[in-house]
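Below, chain A partners chain B and then partners chain C, in two separate complexes.
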Partner chain A sequence: MTGSIADGPADFRRAAVAALADPALQQALGRNGFAQRRAQAIAALPEYPELRAAAAALKDHVLDHLDHYLERFAAAVEAAGGVVHWCDDAESAVAAVLGVARACGARTATKGKSMAGEEIGLNAALEAAGIRPIETDLGEYIIQLAHEPPSHIIAPASHKSMADVAGLFRAHHRDRPAERPLDQAEILVDEARTILRPAYGVAGLGITGANFLIAESGSAVIVTNEGNGDLTQALAPVHLVVAGIEKLVPRLEDAALLLRLLARSATGQDLTVYTTVASGPRRHADPDGPAAFHVVLIDNGRTALMGDARKAMLRCIRCGACLNHCPVYGQIGGHPYGATYGGPMGQVLTPALAGLGAARDLPQASTFCGRCAEVCPVAIPLPDLMRHWRDEIHQQALDPPRHRLALALWLWLARRPRFYRLAVRAASFGLRALARGGCLTAAPFAGGWTRGRVLPAPTGPSFFTQYRSGGNEP
Partner chain B sequence: MSREAILGRIRAQLKRGPLEPAQAAACDRRLAAAPAALLPRMAQFADRQALTAAFCQRLTAGGAELRRVTAWPAVPATVAAMLGPAGRPALGLAPALAMLDWAAAGLTVVPGPARPAQPAAITKAVAGIAETGSVVLASGPETPVTLNFLPDIHVVCLEAAALVASLEDGFGAARAGGLPRSITLIGGPSRTADIEQRMVMGAHGPRRLVVLLVGDHGG
Partner chain C sequence: MAPRVGLLVTCLVDLFRPEVAFAAMRLVTATGATVVVPRQSCCGQPAYNNGDRMGACLIARQVVAAFEGFDHVVVPSGSCAGMVTHHYPRLFQDDAEFGPRARRLAARCFELTQYLADVAPLQPPAGPPVTVVCHESCSGLRELGIGRQARTLLARAGATVVEIAAPEPCCGFGGTFCVKFPELSAAIADRTCRSLAATGADLVVGADLGCLLNIAGRFGHLGGGPPVRHIAELLDGPPTAPPIGRS
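Let's turn to the complex of A and B:
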């Protein structure tokens, strides 16, 4: 199996604890310069608040009329000579890609970075079908060699050190001198470039994702800094786009609005180095470009979000800012989330894609500090949406019995103010008795919490007591 | 069929059937004409001179090299000077530029799509965007796309009069004669920061982007 994982988090808690104790990972997580670069880029764009509001409104408009825009998009793709494959789930999407690959006789498929491709486990499926997938984005190439899933939606190999990459290249690039120096990023990039170059020309199929799909023209827009997505789609005889149905915008000008926000929020650039709008296959007199153009449109749980406030999640333009600003992601990285999408956006998206039962820990893994919603360029209220999932988890009785018991107990108390006050006083007394120097390093029922933190002991009478002693009536 | 299933799920979740004719018509009007753009100040310029200056500054900040050339006949010699020894092997050339006298400048050119060992390619942009400092390349019979990505050095010729203010204007210029199969905005040489977030130039695409701004419109 290559880098892909079947979406469905296994054991978030255990993986998170392991990640906290992994020194190499902690060092890698310390290298995150994205937040600072984003802050500079946003500061240089005084119109950011208006653009952000307009972007959110644009995406909401599309989602409210998504059926219509999808039909118009499909008609435009077909008018340009392309083919649209509508796919309910990961299996049907994989089947559609394999169908195209077999029909064009592809033995290898070059791939631009595609999170939708990761989501449907495309690499594993291609390999199983005897078609060799070659990731061309450097980060994706590195984790493909390592047989690992991405740990970040825009920097998939950010958990790897230079030494890790050098080790992988030594192990996999066997035709190179064993003792060559590989101790600089430039050398590693150059080696990857030379190894991957020939692949573009021999691949029978070039697969990319899409940052935006344009309804008026049936186009797929991709942005990259490496140019790998462009080589992938320009040199392969068949270009196949894998994209979620929520990528749609009405016109190219609408993509311009989102482009102003995407790179700034992601890497702090005003615009990525390459932005390409691809519309259909090569035309009659074109000297190059793909002879066929396919778009695999994926639902895979997205429509399940459209019935309530969680619809806002489908505004997401996959910039990664919420990951870069999340204190939880910043401590554990992307892998413990156990799915293609980690961090706050994954905590809302994955339960829809993988099922709430499998992902029930994810909406809980938040301090609700709100930074994710604050930096989101399309103003998705991520903590609110996690709260929606928490409600649903409780309603479906998917939360652990201990949680349910504790909540039931609290509810009982909360409805009986007298007991509640008594219990607060008792707890306050108990915690003060256990405290050393005003702090607790261990507390009953909260061992997991105090293992990594210090709990300040209550310092005086409760708020309620103070309120009443101020002469107020409850 | 999945198509009907997906559309059906969307409608069920939105608690409605297919759009009413009036709503559908409103969406189609939205598709037919762009809404008024929300242009940031960095996409607005007092005059041509300010626009040109912003384009040049932002393009070079993105790592591209820039040369101003007064007129088209001077382009081949300027390219030869900029390429130096790298210009000695046969160069890829967009047929759109085949009428220039490359031989006189000592350059051998092969009009058509990129070939594997070409060290450099010379192409023609349809527009330059001052907001972002990018050149806009459109595919067509005279402008193969592979030239933009395969060679190590990408030389882009751009008429100064083709500079525009915003992303929207850039897309507009590219599709003025109908939407080309591919439109690419390029803002500098290829790069990656995938190894320890260190910026390295020359990831997969060209290691050098050289832009020749032709004509002296707006100073």
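Let's turn to the complex of A and C:
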């Protein structure tokens, strides 16, 4: 574990500072080019604004009628011979998965990439129960070897360099020649493929997430670039889907609308390489496919967002565009957020999932530059929702006492322009007295500023001092 | 009749760079308006962005009352203008008294370059033939949808405007973010400073003093970089004050 992996969301500031000081991480960050590729893909899609509005409206419609669509989905899954498990929290979701795994006698479980699985701590729970989870998405496989959480919701190992990956493969693939070359991406991919390929055939359980759940047909849709998800769900005797309740859409056509936005927003692809629809277990006429199909539907704090504007967060289709365009995420990667979801969407979601007390720093860690909301394909007003959490943090007095005191003092002054003017006059005088060469390198109450910046000094008495001395009366 | 324009000075200009407000007054006056500076303190962003909605409302009411009598309100800052035009109406969404008043004010409030380029077009005096790079604030870009206006005005003043290679999202200032997360703020500023310096421009200008203090502060800490000024100083004729953070 590196110093930038936070112990939890409460550890954000320390881990962020460690991330800034980690040269390997700094080199790895920002290499993926997702933002540029997204810009090209969106520029080539003239109907993007209309699609975006339609996608937001679609998700809002589903959220407004979520109980209806959940019931329809469950009925369709059951009609196809599948089983739906309703889980309020991570514990009950883990229990449901373990129940299925034990019932089918699985010793190993192959896994497609699933952030919902990360959210409920599925790998650790499977291991503790004696079931070996094998991540089959290359990025997830890499971080599983490294015993690290994902640092990005669509590129979980994006904080790792090729040399890091080669080191992990050498350490874990002991049956391979020690001197083999591992200096090209193709070689690494090929080695991972040959290691993983036999696992699909022996796994007793194949676990995937879902990008969309289709209420009409009880289907789970996944998108991948590696085809690993298809092998996971098609070759195991039992297919289990773990997904948040907000993944529902009414019909397959609605998923098609979101698919037009998802890959473009994420990686700049028109579509991912594979888009796969799984509907129930193998039917009588099917030559292959799983004998059983389970869907573990998790709430885990989601419905708590339904009561106010934060409901818009549940539109999220997990494309990662907000992470790719965030100046804060771009400096530190995903690990300092200390939670499954980093970056702007995580800053809104984590307080709901982990509790506001522990996550109180996350909604504050934004410059409110607004790029996240601008690039969001379902128009989630992420800064507004972070401000919503800030309101709650302030109301519950969860912000640090010295911040509250400073804010209260400032507010008292700002409401009394005469006193405010005197205070500014005094501050101006003090700052100018301490300045050398037009700036200050240290100042009382400004240590945070002056550690990494000089503080430009006031150029003269405050505006209102000068304005009044000119005979004006504001 | 000449329009009466209220100048919202902004708290940062009041304390750190009064020249900007005096320059803004002269520029708006040059469009034929009568400029008035009513009693004021701040637009309320520190409260609003730190979760003190009630405090933000109290200050916003003050601002509405002080400025609603003017034909126009001009603000030499994108983020403060965005606060008035974008966020005040939302703060008072359910307020029968202040809701309509805030909406009326929002419709008549303009950021300085927006006012000088779009509302009351100004031909600034020809300045020195400098090459400038313009730092656009996030509030200006995304709340007000401006950016073109500053370039138009700079070109009219005879400056050559160069652009950074890839649009940098943010300078890292972020209001109180810059003191709550100073390391992050400085690191984000670094990227912005690098891309601004890489243009080889003689001067960095912007319309938001918060961004400019952060950028000039980081340049000063690193020792180097082009001088930094508020755009009002440049449009107002040869600046008399030293660049931000210099003597």
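Rule of thumb we're sticking to: the second predicted complex is superposed on the first by the 421 of 474 C-alpha atoms of A that agree within 3 Å, B and C clash if a C-alpha of one lies under 4 Å from a C-alpha of the other, contacts with A are read in each partner's own complex, and residues count from 1 in each chain.
Here is the rule we go by: a residue touches a chain if its C-beta (ideal position, glycine included) is under 8 Å from a C-beta of that chain, and two chains touch if they have at least 3 such contacts.
Quick caveat, the model's predicted, so the values are computed rather than measured.
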Worksheet item: Thinking of the overlay built on chain A, is A:235 touched by chain B (first), by chain C (second), by both, or by neither?
Response: first
Worksheet, complete the sentence: Between chain B and chain C, the one with more contact residues on chain A is chain B
Practice prompt. Scan A:226 for contacts with chain B and chain C and give back first, second, both or neither.
Written response: first
Worksheet item: Touching A:469, do we find chain B (first), chain C (second), both, or neither?
Response: neither
Worksheet item: So, does A:366 touch the first partner chain B, the second partner chain C, both, or neither?
Response: second
Worksheet item: A:414 contacts which: chain B (first), chain C (second), both, neither?
Response: second
Discussion item. If we overlay the two complexes on their shared chain A, which of chain B and chain C does A:13 touch? Say first, second, both or neither.
Written reply: second
Discussion item. Taking the stated contact definition, name every residue in chain A that is touched by chain B in one complex and by chain C in the other, in rising order.
Written reply: none
Worksheet item: Hey, which residues of chain A end up touching chain B in the complex?
Response: 28, 31-33, 44-47, 50-51, 54, 61, 64-72, 74, 86-88, 92, 136-139, 142, 155-158, 160-162, 165, 185-186, 188-190, 192-193, 196-197, 201, 215-217, 219, 225-228, 230-231, 234-235, 245, 250-254, 256-257, 259-260, 267, 270-283, 285-289, 297, 299, 303-304, 306-307, 311
Worksheet item: Residues of chain C touching chain A in their complex?
Response: 9, 11, 13-19, 21-22, 37-42, 44, 46-53, 55, 58-59, 62, 138-139, 141-143, 169-170, 172-175, 177-189, 191, 213-214, 216-218, 220-221, 241-242, 244-247
Discussion item. Touching residues of chain B toward chain A in the complex: what are they?
Written reply: 1-3, 5-7, 9-15, 18-19, 23-24, 27-28, 30-32, 34-35, 37-38, 40-42, 58, 62, 95, 112-114, 116, 132-134, 139-141, 144-146, 148-150, 166-168, 171, 175, 179-198, 200, 202-206
Response to the item:
So, in the complex, the side of chain A touching chain C is made of residues 13, 16-17, 20, 325-328, 331-332, 364-371, 373-374, 387, 390-395, 399, 403, 407, 410-411, 413-418, 420-421, 424, 427-428, 431, 437-439, 446, 448-449, 451-464, 466-467, 472, 474
